[in-house]
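Letters are used for the chains, namely A, B, C, D, E, F, G, H, I, J, K and L, taken in the order the chains are written, and counting of residues starts over at 1 for each.
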Amino acid sequence: MRILLINGPNLNLLGTRNPEVYGSMTLADIVERVRQRGEQLGAEIVPFQANAEGAIIDFIQTNAPGADGILINAGAFTHYSLAIRDAFEAVGKPFVEVHISNVHAREEFRHHSVLADIAVAQVAGLGWRGYIAALDSLVGILKERQ
Amino acid sequence: MRILLINGPNLNLLGTRNPEVYGSMTLADIVERVRQRGEQLGAEIVPFQANAEGAIIDFIQTNAPGADGILINAGAFTHYSLAIRDAFEAVGKPFVEVHISNVHAREEFRHHSVLADIAVAQVAGLGWRGYIAALDSLVGILKERQ
Amino acid sequence: MRILLINGPNLNLLGTRNPEVYGSMTLADIVERVRQRGEQLGAEIVPFQANAEGAIIDFIQTNAPGADGILINAGAFTHYSLAIRDAFEAVGKPFVEVHISNVHAREEFRHHSVLADIAVAQVAGLGWRGYIAALDSLVGILKERQ
Amino acid sequence: MRILLINGPNLNLLGTRNPEVYGSMTLADIVERVRQRGEQLGAEIVPFQANAEGAIIDFIQTNAPGADGILINAGAFTHYSLAIRDAFEAVGKPFVEVHISNVHAREEFRHHSVLADIAVAQVAGLGWRGYIAALDSLVGILKERQ
Amino acid sequence: MRILLINGPNLNLLGTRNPEVYGSMTLADIVERVRQRGEQLGAEIVPFQANAEGAIIDFIQTNAPGADGILINAGAFTHYSLAIRDAFEAVGKPFVEVHISNVHAREEFRHHSVLADIAVAQVAGLGWRGYIAALDSLVGILKERQ
Amino acid sequence: MRILLINGPNLNLLGTRNPEVYGSMTLADIVERVRQRGEQLGAEIVPFQANAEGAIIDFIQTNAPGADGILINAGAFTHYSLAIRDAFEAVGKPFVEVHISNVHAREEFRHHSVLADIAVAQVAGLGWRGYIAALDSLVGILKERQ
Amino acid sequence: MRILLINGPNLNLLGTRNPEVYGSMTLADIVERVRQRGEQLGAEIVPFQANAEGAIIDFIQTNAPGADGILINAGAFTHYSLAIRDAFEAVGKPFVEVHISNVHAREEFRHHSVLADIAVAQVAGLGWRGYIAALDSLVGILKERQ
Amino acid sequence: MRILLINGPNLNLLGTRNPEVYGSMTLADIVERVRQRGEQLGAEIVPFQANAEGAIIDFIQTNAPGADGILINAGAFTHYSLAIRDAFEAVGKPFVEVHISNVHAREEFRHHSVLADIAVAQVAGLGWRGYIAALDSLVGILKERQ
Amino acid sequence: MRILLINGPNLNLLGTRNPEVYGSMTLADIVERVRQRGEQLGAEIVPFQANAEGAIIDFIQTNAPGADGILINAGAFTHYSLAIRDAFEAVGKPFVEVHISNVHAREEFRHHSVLADIAVAQVAGLGWRGYIAALDSLVGILKERQ
Amino acid sequence: MRILLINGPNLNLLGTRNPEVYGSMTLADIVERVRQRGEQLGAEIVPFQANAEGAIIDFIQTNAPGADGILINAGAFTHYSLAIRDAFEAVGKPFVEVHISNVHAREEFRHHSVLADIAVAQVAGLGWRGYIAALDSLVGILKERQ
Amino acid sequence: MRILLINGPNLNLLGTRNPEVYGSMTLADIVERVRQRGEQLGAEIVPFQANAEGAIIDFIQTNAPGADGILINAGAFTHYSLAIRDAFEAVGKPFVEVHISNVHAREEFRHHSVLADIAVAQVAGLGWRGYIAALDSLVGILKERQ
Amino acid sequence: MRILLINGPNLNLLGTRNPEVYGSMTLADIVERVRQRGEQLGAEIVPFQANAEGAIIDFIQTNAPGADGILINAGAFTHYSLAIRDAFEAVGKPFVEVHISNVHAREEFRHHSVLADIAVAQVAGLGWRGYIAALDSLVGILKERQ
């Protein structure tokens, strides 16, 4: 089983900035933990990070066809990138939207996601654990569908 | 460690109605799975279900002081019970909001939660696995805070 | 054929308060008239009134499975009880929403019903006759479906 | 007693189009049933249908003064014809608004009626029976007022 | 100088209905007074009334080219007839919008006019005198432009 | 008969600024014309202009009790001075709101008047003639009421 | 004279939670102070607290007919319980809405009360003194009406 | 193949009014061009123009059943005639909405069409060529469906 | 202890106008009652009334530094005078907003106060007693803070 | 004559995804058809596709100055890329907005285009034929302007 | 060159109140700095401060005709004084709107200026330096225009 | 001291397009002027321009840590790039938002900035001088903080 792990703009700064909001783990740390859990669950993790919307769309178009599911923390793109939304709709693979912080407790503009209504699920506020939680459940759901 | 597991109105019907939306597991099945996982994690689970808002508030007021955290699927109360919100604010214990279905992909009125901005986290769309995912993360977060 | 007749909060005061809005018949009078008409139509009427949302949900969960249809005047709950709405969705029985007064001619907040879009029909402004009119039509519709 | 029965635009197509929404009875069938029921109740029915707003206003101005009440299914005019509303206000006769389908369960623009707040009542979703239900109640109300 | 005097739907009922809102003069009375004042001012008055939007548009298209200005009380069409608005825009003759009652003190929907922003002026609340006031001023303005 | 003629902020600049919008007559010219017409109609005109809201309120409180009616062009205060509105409500004398330009054809914020719904009438877009038109009608209305 | 003193959801926790917002007096302390002041004013105080909307409606229906007035701090129900509002409308007794904290300075959803427009008065932000202030004034008003 | 070509209110004035917005071709010119292109494509064109909403509905009801598709420039009715919308829904024939000018670049009220979401397509801003473009494509689509 | 008592526009008319809304006591009567109560409580009352926003701001800037607290009935300024709000913010003294009538039961525009969220408290609907109630509580609060 | 043909994000997937919405032709097929039609009309077609907003802006800046007009299907960027809008404004060349599907019949967010009001025209719902229709008309318009 | 320097309500308190928001310089200090910079640039500065809207309008009407440009910090009037806006429109001199604090980072109501769209420019958040920055640029712009 | 000078999409076209809106200076000219002024103030200027959002985010992430402050004209990204906003939040360096034109006087969508509330200041409408004004003030503020 192959799972894409996409992180959007500014998430490459994780662990070095605003640790009170996003925690002290770096993106590399999180990717490694997700990779390890994936190993336990029999799922290969394909990580990707970009600050550019177009790069994320390119990655989805290229890699989603060969993957079983996707975890995405689209960062700020969550709230306006209809182009990423369309990419997900086009490739048609199940994805889970993850947010490290509880977006519903932050600025008004972070309450709305343009991805959530076509996602399988949304996980917000569980910190780095949210990626693990989403992976566990997504793999479980995918196995059930087989 | 003690975790309250609160389910709101109509969740007692889980497994018997609309299985295409909510899955085929009954609430008893889910409670049992959460209990087992709690056991693995060293957390006692205190389950409760009610169709009445007042009963849920009473339960929170009575039981939250002796608990470490709370998992709640408030059902439709999620969207308007400011009184349950106030109960959570009053007792001040960390809670995670769980939804079996992806509320962001359903009717407009289900997109807004009056609880989410004072919750630690919100998990929606992972089915019964959402309870397990929320429990795993909440216990992890609580242990970290100790 | 069995029809539930549910009346929500404050409808127990019918006939004794605001007769210029709600008429001078008591709830007991109306229930009796509905019962008599039900008898003519071959339908058993199961009446229920409560001021508590939870009690109405319990009643629906318990009694709807054994009934053919439901008449409900949800009173003020019409405008915000998403939990009652969910109960109706869960039990899946056809119901007609009845209002004694013409809610569309009263305060703005009474113009919107959170039940109406999943109801079979809405009848408002026909006074106590609205219950009879709704019963006649609901029984007719149910017989046609058989 | 004389009751006008007004049907607005496109209702002349009843029974031949979209039977899953509007049923399979033609407008002539419905008019006949209403006429028969009117006969039982001692009410003469004066039917009228037009696709033109001006024609409906002319009809109301001409015929309402000699009538006791009005049943109207204004079709799409329900949602924007302030001119028909003004006609009703001017003639001052009690009228009931009837909709064959449950307008509250259809497109957003069908939820609002510019007539409802000056009508006696609104009946929606009872199919052709809605006309009968409205007639029964309207006649009852008119007799009571005498 | 030739001035069209257009009255929209239900204004043919003036004087016979709601005299507390619209006064007790009939439309014929008002037309006569406007005609007399026009005579004093050297302006021929061409009166027209219709309940049908299309008839008003036809009248404007046919008669405006040969006229110098227009007085219109569009009745309820004031609030939604974009087609009459377009007719005015197309013929390009100056017109004044007249309302017998003070529309700004009535229902919310009467506060907005789809004609007013392309009119020369709007007069509301002066009763039948509003027609005279508008005529006086319009003739004055037209003479000044010559 | 005594009529107050109140002009609000910046109307003292009439005739010297933006003549394409407001015409080339000065406020003194207009006041004189209104005074002359008042003389013809048997009405004494009491003119007043101020740029300060408080001064206008003081004037209304002091002079309205001895007057029969009021003409007011409140300028920009039209759109937000609830204090002037309250002054009119308190003194209870009939007033007509006059605007030289057609406010409905200008910026969005000029479309709404906080005075209009308690005024007898609103006249907008007739230039200086609007004052005369309003005076004619107001005097007519006042005489009729006597 | 008999005055009902109703406190809604979570107010039983007063004094033990969030003292910086709600003060350090318990509900029992407040009730006692109100009782004592009532005694001075010749008014019997009938206290009641419940977390359940239905229980508050039942209490109002049962006790209001024998009371002269009501003080209510409806807690979060203030903002959405149309059913409590209807109960007040039905029993028709004068009531004053009290809030310990200044609701206008808190979350947006606390700015709107569904009760306030049918209340005699609203007092917010005066702490426990708000109950005394409301009682003093309500008794004064009631005596004046006698 | 038979294609209806419907033009709504004021479009009979094309070429004689506002040529800078609508071009200098008359409606007759455009109809002739569409007819010629239809001939090339093997499609008979049935033209119709009316200023009255009811007349357009009558035309659609009568002629659509015998036609394969419809081109309509509904003029101002585009923005509010729900009755024409219902007529299209009732007859169920594919239609293309054409606008000579770019409605999206004009007044706000012209940005919304009540027809567009049930149309096959919308073409705006291509001038008289828009009719040809729409005809070409509609015929292509209809042939493909056969 | 020194308490400012500020009354805004039109409150100088109290007792002489609209007694059914504002009662029959004059402003002088109310000021005297407040002064007497202040004397009982050991608080000097400094009364002020103005119809001009600037005068009220000047008064606040000059007198608040030497005062302990402020009672203000800002009249219509309550709803839009951001400049008075800024004056209160600048001087930083605790103030209570008083309204004689229940503003929440009147026009929509009276429901919102631009002062309330920086006030200690808001009292509305208690008539002249509201000033006394506010004074009692404010003095109590101020003594407690000492 | 030179025409740019720009396709935005995810349009490179045409023909391989969601053929029921977008048809079964690939982007290459469409580009070829447009190229051929361009050849017939004497217009050179310069095609371009990118998933990145910045790349589309770069392309417009570089190529528009040497082109006569532009066809663009901006995909999801249609709804939020104000930067592409600014690029079009800056280069000042006429462009037509093309959508394969009828965006007005899809999700709410697809109804609004941030490009349309500065475009010459918008064509939506004609499938691949929309490009041809737009090309035909744009070339016609450009030739007319020469 | 002559530049008016207008400061609105409460700005006379600068330096003595809320220094964390507005800095510790007094208005006199700022005026002096602006005066000195004006001297360097060859511009005479005419300072004015008032808490009263009418006084500011009077000052603009009287002094703007003899000035070349205006700097204004209208304080809270920025957000609602349409009368000051009209004064600026009437005198037609270029003005720059200055705010000491970053109004876009404060309360929602401070985000909108009723002056900004007719100003040359808006400067917010640069502290006292904003006046200097605005003066430098305004003088530069005025010299360029000469 | 090091100051980043970031210019967003389409600003590379400055001086060559729409000079009536943006002036006739090229971006290179402006950068040079800013560089020179920086030299006078002892500040090194690091200029950057890109049409791609991702490139701007990369630049901020890479260069902000070594800089003291930032000037940014984000062009159209000002209005929707939440990702750039997040980059600024993450790096935590003070920045000033500059707009050449007065965005508050242009299209509605240009009135709102998603950056402004986390910026130090916003300068709009001062032309190229706005960059100098912002630099002067930013350097002054930074020196003061040292």
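As a convention for this text, contacts are C-beta pairs under 8 Å (C-beta built on N, C-alpha and C of every residue); 3 or more make two chains touch, one makes a residue touch a chain.
Note that the coordinates shown come from a computational prediction; the quantities given were computed from them, not determined experimentally.
The fewest steps needed to get from chain E to chain F, moving only between touching chains, is 1. Identification of common neighbours of chain A and chain J yields L. The greater number of contacting C-beta pairs, out of the two interfaces B-C and K-L, is seen for K-L. The interface at E-F recurs elsewhere; of A-J, K-L or J-L, the pair that shares more than half of its residue-numbered contact pairs is K-L.
For this pair, chain B with chain I, the centres built from the Cα atoms lie 46 Å apart. For the pair chain D and chain K, the distance between mean C-alpha positions equals 63 Å. In terms of their C-alpha centroids, the spacing between chain D and chain H amounts to 32 Å.
Each of the following residues of chain H touches two or more other chains: 52-55, 80.
By the definition of touch given earlier, these chain pairs are in contact: A-B, A-J, A-L, B-C, B-G, C-D, C-G, D-E, D-H, E-F, E-H, F-I, F-K, G-I, H-J, I-K, J-L, K-L. By the touch criterion given at the top, residues 8-10, 12-13, 17-18, 50-55, 75-77, 79-80, 109 of chain B touch chain C in their complex. Within the complex formed with chain K, the residues of chain I that make contact are 52-55, 57-58, 61, 80-83, 85-87, 89-92, 114. Chain E makes touch with chain F in their complex at residues 96, 102, 104-105, 111-113, 116-127, 129-130, 132-134, 136-137, 140-141.
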